[in-house]
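Letters A, B, C, D and E mark the chains in the order given here, with residues in each chain numbered from 1 onward.
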Amino acid sequence: MILRDTPSRWEIFLILNGSIVPQILPNIIGAAMWALIVLLLDQMVSWVPRISIGVMGVFGLSLSLFLGFRNNAAYDRWWEARKIWGKMVADVRSFAQELRIFANSHEDEEFILTHILAFHHLHRGQLRRDDVRNDVTHWVGTDAAEPLIADVNAPNAALRAISGRLRKMSEARKIDGFGQKALAERLACFPAAQAGNERLLTTPLPFVYSLLVWRTTYLYCLLLPFALLDSAGWFEPLVAAVAAYVFFGLAQVTHELEHPFRDKAAGIPLSALCRTMEISVCNALGRPAPDRLEPVNYILE
Amino acid sequence: MILRDTPSRWEIFLILNGSIVPQILPNIIGAAMWALIVLLLDQMVSWVPRISIGVMGVFGLSLSLFLGFRNNAAYDRWWEARKIWGKMVADVRSFAQELRIFANSHEDEEFILTHILAFHHLHRGQLRRDDVRNDVTHWVGTDAAEPLIADVNAPNAALRAISGRLRKMSEARKIDGFGQKALAERLACFPAAQAGNERLLTTPLPFVYSLLVWRTTYLYCLLLPFALLDSAGWFEPLVAAVAAYVFFGLAQVTHELEHPFRDKAAGIPLSALCRTMEISVCNALGRPAPDRLEPVNYILE
Amino acid sequence: MILRDTPSRWEIFLILNGSIVPQILPNIIGAAMWALIVLLLDQMVSWVPRISIGVMGVFGLSLSLFLGFRNNAAYDRWWEARKIWGKMVADVRSFAQELRIFANSHEDEEFILTHILAFHHLHRGQLRRDDVRNDVTHWVGTDAAEPLIADVNAPNAALRAISGRLRKMSEARKIDGFGQKALAERLACFPAAQAGNERLLTTPLPFVYSLLVWRTTYLYCLLLPFALLDSAGWFEPLVAAVAAYVFFGLAQVTHELEHPFRDKAAGIPLSALCRTMEISVCNALGRPAPDRLEPVNYILE
Amino acid sequence: MILRDTPSRWEIFLILNGSIVPQILPNIIGAAMWALIVLLLDQMVSWVPRISIGVMGVFGLSLSLFLGFRNNAAYDRWWEARKIWGKMVADVRSFAQELRIFANSHEDEEFILTHILAFHHLHRGQLRRDDVRNDVTHWVGTDAAEPLIADVNAPNAALRAISGRLRKMSEARKIDGFGQKALAERLACFPAAQAGNERLLTTPLPFVYSLLVWRTTYLYCLLLPFALLDSAGWFEPLVAAVAAYVFFGLAQVTHELEHPFRDKAAGIPLSALCRTMEISVCNALGRPAPDRLEPVNYILE
Amino acid sequence: MILRDTPSRWEIFLILNGSIVPQILPNIIGAAMWALIVLLLDQMVSWVPRISIGVMGVFGLSLSLFLGFRNNAAYDRWWEARKIWGKMVADVRSFAQELRIFANSHEDEEFILTHILAFHHLHRGQLRRDDVRNDVTHWVGTDAAEPLIADVNAPNAALRAISGRLRKMSEARKIDGFGQKALAERLACFPAAQAGNERLLTTPLPFVYSLLVWRTTYLYCLLLPFALLDSAGWFEPLVAAVAAYVFFGLAQVTHELEHPFRDKAAGIPLSALCRTMEISVCNALGRPAPDRLEPVNYILE
């Protein structure tokens, strides 16, 4: 995730980091060149047929409709991913509270809370293909970490270990029925969050929208120069470039937000959120807490 | 569900799989032909009356309003279906956790979790008319499967079997009141999800919207050529074809997403989600898990 | 609720059932006649002042804004009504499950589940002024039905009977505290759903929106012909009729969806949903279940 | 809240009750006069500079954006207020059910349910500055009512009385732990609803939006006549009046809905909803119930 | 938060407090000057190339799309922040109710409720960098306050103190299992709210949107004068200034609402909400309550 203050008036056109201009530069240049070719053809060679700007207005409206819809849907996905991870942070803290209220056995607390951290690191590995072996081993030790990492559904294996532990605590009368119920309810929050993230990971926006949006954007930019001949004159390449910037830019932004776990610059900062959880767990266990992760070169991973 | 990476710049116009062009090709060709006829009539035979492009702009706005609304509503249905199934996956995993915490009797766990799989397969059969006999039989055995499949409300029969089992476990003191309460709460998630899916299955978008959208789209495409005579010139058939692509395309996409369980290419991948549940259940029961379903020819069923 | 497959290309303009054309035909004809009068006045009698089509574009935008907002709000109401009833179906099934898990006394199950059916029929009567005496009597018997039907708040009386029964079951030790809590929680779902439906029934969209929308639509159609004189020529009556179809059509659709319980063609199929509940209750009680209600002449009540 | 059937075709322009025309009449007349002045200046005195209608289209779009956003936000506030009050009605009924299931002591039921009515009347007084002394006294008696009314946070004082009573019931073994838990959960619904209503009461839409909307609307109406000179001719004052009606009308409607508790004509009918609760409580206590409140002159308070 | 009544017709253009005009005045003046330069160049020096106003309409539409989306997203953030704090107020009141119902030990009530106030003040300090030492010390005393303030995650430390206290109450048999469960459930509301606010604090809208919006707004204002040459004449600088007001104004408003905790004029009034909680706690503990905070110079902190 990119974290930057709002740029000053003069910086706005200079910032490249966090801008989508580099990715869509070929499209912008291509649109300007195509407009220039049409303009020169018309001026130098022979009369080129026109389309009225009103016609382009109708297409522009449809294009806005598509882009607007896709943008809203993609942003909702991104924000939902952030919400789920925010809720996970809260659930880790509540889990620690409830362990203190209902269990009050430091060893069990430690087992459960470190396994919850293992769950989150493994889940981060599942979502972003990060290598999380070191993180998992750091918290639960090598012996416990290996079978987890080897499991088909590694995050789930960590939760299974916790539910087994809760069973044992209950059999050893360390928790009563109320504690069992409360902790089981909290534990159920994590598969729910995991399933939510898996949904965002495995179910992108319907592919047909991507096709519709990209195709319409290309068609729009192909036809636009014929509409600009009469209505923009020598501004034509500039206007075509601005139009390409606006429409391809939005299409590209949308494409990045659609996959909130894929890209480290545009995506949700999973490593930083896992660190936040680690701090909370250390606080609860009375251990020294690591530092927060800070953005590097404006990017928080 | 179609799963594809974003196509490269050159592929965008070539992809047919996942595109709605084949379905609406007659409309695109028809619109272009009609525009050509009007154009030729005007140029060759005699002056044809005009409509100003501004008038079409007003209609285009209304059409966008209709299409945009219907598109949002259809996408919401599709996404809600995916959310419900994602929650079902989470509930299966939580059910397994809670059985371990509260019951810890392998035989009961096995009965309940395999019947939950039967419920999901039967529900998939209810939603998509898939033949699920083999899947149900595979998990609960022929003797238990037959009465379920024969039931009027087959998925519900599977849940009834589970609630009967929970009653017996409680009578045999295998679970206490807390376990009974926790497992009953989890079990109630499944009828809720089933009713949600039945709602999406049996209650489409109000029919009157379909009529309004299709009629307005046809009227728009019928009138458009008279507006293009002055404002698009020889581009007329091309512009009419693009307009038909854009408007009929969106109407068609919407129509497919509206029914998230009907079509295997556009719909929710129920078979793959059931498989995900099977893997989770196998993990919980300590059985070898089957492989995930992978997309075939970009389509995940 | 109208249930129809998407019409084929040729049927789209022929379907009347489920169309709003009949209701707004006077408006469409009126708009076309008024446009014809203005056109003839201009052509035959004397020059008529013009409004530029750009001005109408600004009004068209505002009108779209009003209609779009009102349409979204009305559809949300309709869909919320369907959601509430879908949740009621799920709650009936969960109630049956929980009675089996916690109570396991057939007589009590029967009393409670048939009274839940009575509640839903009485609530349907409250919402849609259906005569539900026969349905209520059929399920709970005449003796129990009469005081319910006579009550000021009949559906609530049915729920009161259930809560009294739960009290007695608890006093007779047929359910323990856990069962009492679980069943009381489920029972609280029904007043919540009832209050939601009463909200949709008694609180329509603010009246001022209806005035604003209808007045603006009429003003738009009154002024439109003066804008079409130059921009549509002899197409004028046709264009005015299409505009009237589009704008009055959406206003009318919205008006119907706004009241999800008023109209049997546009509204929620309460009878069919009550039947679904009856089937679930019969399944739970081991009685033979009635058949689903099927649409008659495409209309499901 | 205004309750009226949809007016017939002929009534639409005659209804004043529930219309916002009276409030914005000065603006409509002002806009028409200003347009007339500009028109006469141009025709009689000297050429006046023009703005093209296309420019106004761009402003009109922005204005629609502002008005549309503010309208959605205001309607959401109004509807949320109605939802909260609807949920309160449901919670009162569920409270009565749960008292019957868990407590079954008529005296306690009476104390709690009448204090819940007192809470709602006091909350209504807090929201709408109604004088509720008589209502509160009627239900809980003068002795109990005086300290409540004198409290800084009067509605909260009523809830405190209930929680003290629940404590006493628990100490007297009239309710067990399950009942205590169930009734405490229900009781927590009321502070949540109260805080929701307080949020709507004390946090209006950001003031800056009001400024932006009103300023842009005035600027639009000031500039419009210069754009209409060429594009509306002698229709100019009429068109300006219609534009003022549309834009000021929506701004005014929004302003009224934004404060769902301020105005009796546009706001939520709190008195009628409190009466609905009174009826439910009387039913639960076996007392004769008062009549529903009916709209007076189409207005339900 | 600015609290003002709707201004009268004459005040609308005079209010500066709460207006965004001061912040964007350089942009408005710059746009007007640039338009004047282009106009004078065209009139005095030589013919300047034109862009048709239709082209600007297409850009205006895109710009509206961007601004509209960003505005909705920012307002949703602001409103969500207010909702979370409103829920916190309700949770404090419910916590007090539940302590009375389940615990009834004045000393414990006092400890827990004052620590909840400390939590909220510390959380306010975390969100808005307010100095909260005095507030925390006032409620829990210096001895308890210092370790809280020194903690890495200060608000969490306050909650940890409460969960430790609940454990002790349970060990001392001051609360039974039901009370333990109920109070633990309530206590879990606060980490959830804290995580929600942290999400709003640390995750702004994606930076790329800001770039896209500001860049497009600047490009629009740069190109607009060339479009106004023919369509606005001598109104050109005025129209350019109005356009700058509208577009930069909305961009600036959005920027302020996006950070609901940053600014005291535009943000959520955290101090006033903490005071509301203090009053509720004092009421519950039978202490004299402080006064509500009132807006100073229309600003409520």
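FYI, contacts are C-beta pairs under 8 Å (C-beta built on N, C-alpha and C of every residue); 3 or more make two chains touch, one makes a residue touch a chain.
Model, not experiment: these values are computed from the prediction.
*Asks:* Can you give me the shortest step count from subunit A to subunit D, moving only between touching chains?
*Replies:* 2
*Asks:* Please tell me the distance, in whole Å, between the geometric centres of subunit B and subunit C computed from their C-alpha atoms.
*Replies:* 23
*Asks:* Between subunit B and subunit E, what is the gap in Å from one C-alpha centre to the other?
*Replies:* 38
*Asks:* Any chance you could list the residues of subunit C touching two or more other chains?
*Replies:* 54, 57, 61, 177-178, 181
*Asks:* Classify the chain contact graph as line, ring, star, complete or other.
*Replies:* ring
*Asks:* Starting from subunit B and heading to subunit C first, what is the chain order around the ring?
*Replies:* Beginning with subunit B, then subunit C, the ring reads B, C, D, E, A.
*Asks:* Which residues of subunit A touch subunit E in the complex?
*Replies:* The touching residues are 1-4, 6-7, 9, 12-13, 15, 18-20, 53-54, 56-57, 60-61, 64, 67-68, 71-72, 75, 78, 82-83, 86-87, 89-90, 93-94, 96-98, 100-102, 104, 176-179, 181-182, 186, 228, 230-235, 238-239, 242-243, 245-247, 249-250, 253, 256-257, 266, 279-280, 283-284, 289.
*Asks:* So in the complex, which bits of subunit E are touching subunit A?
*Replies:* Against subunit A, subunit E makes touches at 26-27, 49-52, 54-55, 57-59, 61-62, 65-66, 69, 73, 151-153, 156-157, 159-160, 163-164, 166-167, 170, 177-178, 180-181, 183-185, 187-188, 191-192, 194-196, 198-199, 203-204, 206-212, 214-216, 218-219, 223, 226, 255.
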